[in-house]
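Order of writing sets the labels: A, B, C and D. Residues in every chain begin at 1.
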């Protein structure tokens, strides 16, 4: 059954073809739909066409899922790759966290205020510290310690939990462990990470210390999709904060918290609103 | 004759109608055109639809002007208001300036570097100071002093010059006189002004002094279209710069220069690239 | 008894006198103290000298309070006004809040993480909504409804609570009521407010709606000390966020939340670290 | 002879010693001087104390140079390294430039407007393109082509010119050649370079292309002192500009121009106002 005000959001990409905008908008028009928002981008170097289109189906459409399936078929005929979502469907998100809790709290605040249209399905941590805070939100907490020896087994346990909850997105909220290539492959869905530097500067550990030692005048934070190579995945959002010579490493850590929270929240929101298309090492963000 | 690589840019707006995107893109598609860029916006409060669409006409189109005229007719049938431009056509711009020369130099630098796709047709000033600098660029300079008594006559002289040069845009580059409602009406084309504050804060004279006295922590600059009401026209671009209690009024003036230059340059560039649609007191900027 | 690592922070201001820096630093030096940080500012227009100086007293000083009292006497001899604090002494803060909870949560997060060196003594609200959240932090919550008829009585009740808890700072965390001049006078200690606009633009109610209607390209937030005149007190911190024509009033409200939280947190932190000196309508912030 | 309103600026650094602030300010006080501005910083990791102090000598001081020499002697007694300048003394600057002219013009505009308190002594370029523009400012232009074979000889010629003009600062305004370690040593005075990335990201050639390929969401510019290692010297100033997936490499180059100009201008201004102290790979900027 179609709920009131449901819209459909499609993210398309593929080789550029003349008339694509006309054909997609024509398809919606002919079925009595109303385009709410449409944004497109053509990468002239890679010769790829990207489109995000959101429409309200005709009042006669009783089931958005059916309309969605029809559109996916149509996109296939156009030789376009497509992801299609009904606006009211909330994604199930898992938070991976260690001890730093600022990003963890930010995500819960964002979810509670409605800024993040998702359901936080569970929290997984290699430390027990945030158990009480998680359960206070009525969310299941899993303490899975990780050592070099137990990593494989720990990741297997994590995957079982993600599958059990039907998790569609993992957010690494300052989770201080690296997820293996195997894990990422088996999970198969996106993982967003927040790195506390302006990538590609200061990838890896202790970025604030490195920033301090290099004497940079701005510190940064980067939200990106996790890939098998550490801190190398497609960048979603970045921001910076001005610092002076007066700031110690400890100051940078404190100032960076606000930056990390802001950048991560925005990246997760864009993802949940289906505004991001990944290709190669880059993202298109239809904001 | 169509020059190589010429594209057509159309700015449309009007009451929202279902199928508008489909019909516009369909029109281009059917004539063998290729959409380079398309951006649209629907203002749900005012119920107005806006679109900027840029396309390369079919190779068989020998004259872009003809295609342009056809499109204007078509837009009329859709009940949409439209402005249509051929990409290679450079607009003729006049600079109004007084004594502060930083915005004046910025515009010439921008024009020389190709960042501003325009021709600077002439410079009009109420002071003779920038005559030599203007003529050094091979551009005509008109010194037209303005006093309360001579304003009317001075504006008449200004209008004659603008008409003589076929000026399509006036840029007030810190021109320290107010252009009357009569002038604006008779000129009939857009006038962009740079105001040295974050409007609507500190409209009118001496904004840096007012900012200093109020103790603000950020100073600003605003580029807007001039209207009959001072510093009240549709805002195109704004930016700010952080200041501390250490800054004197004189410091703010110096720091503000860079801000004013940057904001004005960007606003004029957007205008020349046909990225701005004005409605009521607001602008849509398709960046 | 002196606790380890205690330092003393003095905020001085008064008419400029030659040799002031030399005399203050000399006083500390002679008593065996070590200057940790010193910052000064001279307002050439108002002819006022400001200084923030932080020092570690000699190891022989067994009681920082005594050293503090000696310094206050000394400052009096110099004809300077002075506020003196021992670094480890945590101020008692009361939060005033209505229904919007983002600033409320931000303050608790900041206090928990140590970023805000204070004790949250109590929360006072004209709505019961945040009672549970407050008590979850182990903090007393007072629900004091306010109507035009009961304002006077309500404020009297608020004052009694503030006195009872020995509150030294009130933070209005989007408290949607105006505190009367009488209240501010009787309380006698500072009150910090967050206003959701770039003051002096859009003072008063509904600033995001006003910003939307004016078509500004940046929205702002301002933290300031509350005075008897609404949104007119000395500005502590301001920041802005870029917005486009695509943003609705509702979007501005959501985007503004992060801005308000950030600006308020920073202002409260500076206040608690004794970095702010107020004079007239302005602040000196020794960051 | 002391000119009216001359002040003396001293930049000191050395091992921290108790009483340093007291002794320096005491020295000035005793000689009847008036401290205009004083800023200090203590690096707790490196245990180095930094101070910038500006004072107006007593009216009885007829020659600032003498006062300056006395102060240098006094600083030596304190075991502090010191650089001392009379405020009205303008430094002689040489601009090194290739073909990109935006930074070149920025420096001349800054010098003309008084923002850069210096004299532009000469311009040296490996291309003849900017000869006319330079000579139009009444400044000598030297065209010194550089090839891998002639580099040594070219640098020798450059040094002779710098010595001839008594140049105290070289500004590399997008000079597309690397200055050798030998050159830097023999010149002996500071060289400021502008690099068109947010260092340490994208050091070396083609940073905008690299930024585009990595898909960063902010581009940057960095002004730093040149050292023997490319793009590795102490950072003076950095800034960033937001970019979207729509921007091509060419767009980044255009957008970056404004960024480079702004960052370079600010760095050169701070240097000329004696606000920068270099230690190791870092700078202290007393802004």
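Following the convention adopted for this analysis, a contact is a pair of C-beta atoms (placed from the backbone, for glycine too) under 8 Å apart; a residue touches a chain by one contact, two chains touch by 3 or more.
If you're wondering where the values come from, they're calculated on a predicted model, not measured in any experiment.
J.: How many degrees of rotation carry the C-alpha atoms of chain A onto those of chain C, rounded to the nearest 5?
T.: Copies differ by a rotation of 180 degrees.
J.: Same or different interface residues for chain B and chain C, judged by whether over half of the residue numbers are used by both?
T.: Shared-number fraction above one half, so same.
J.: Does A-D or B-D have the larger number of C-beta pairs in contact?
T.: A-D
J.: Nearest whole angstrom, what separates the Cα centre of chain B from the Cα centre of chain D?
T.: 36
J.: Using Cα averages as centroids, what's the distance between chain A and chain D in whole Å?
T.: The answer is 42 Å.
J.: Out of chain C, which residues touch more than one other chain, so two or more?
T.: Counting only residues that touch two or more other chains, chain C contributes none.
J.: Hey, which residues of chain D end up touching chain C in the complex?
T.: Going by the criterion above, the answer is residues 18-19, 21-23, 25-26, 28-29, 34-40, 42, 242.
J.: Considering only the defined contacts, which chain C positions touch chain B in the complex?
T.: 41, 43-45, 198-202, 213-218, 220, 234-240, 244-246, 248, 281-285, 287
J.: Mind listing the chain A positions that touch chain C in their complex?
T.: Going by the criterion above, the answer is residues 101-102, 105, 109, 113, 115, 136, 254, 257-258, 262, 265.
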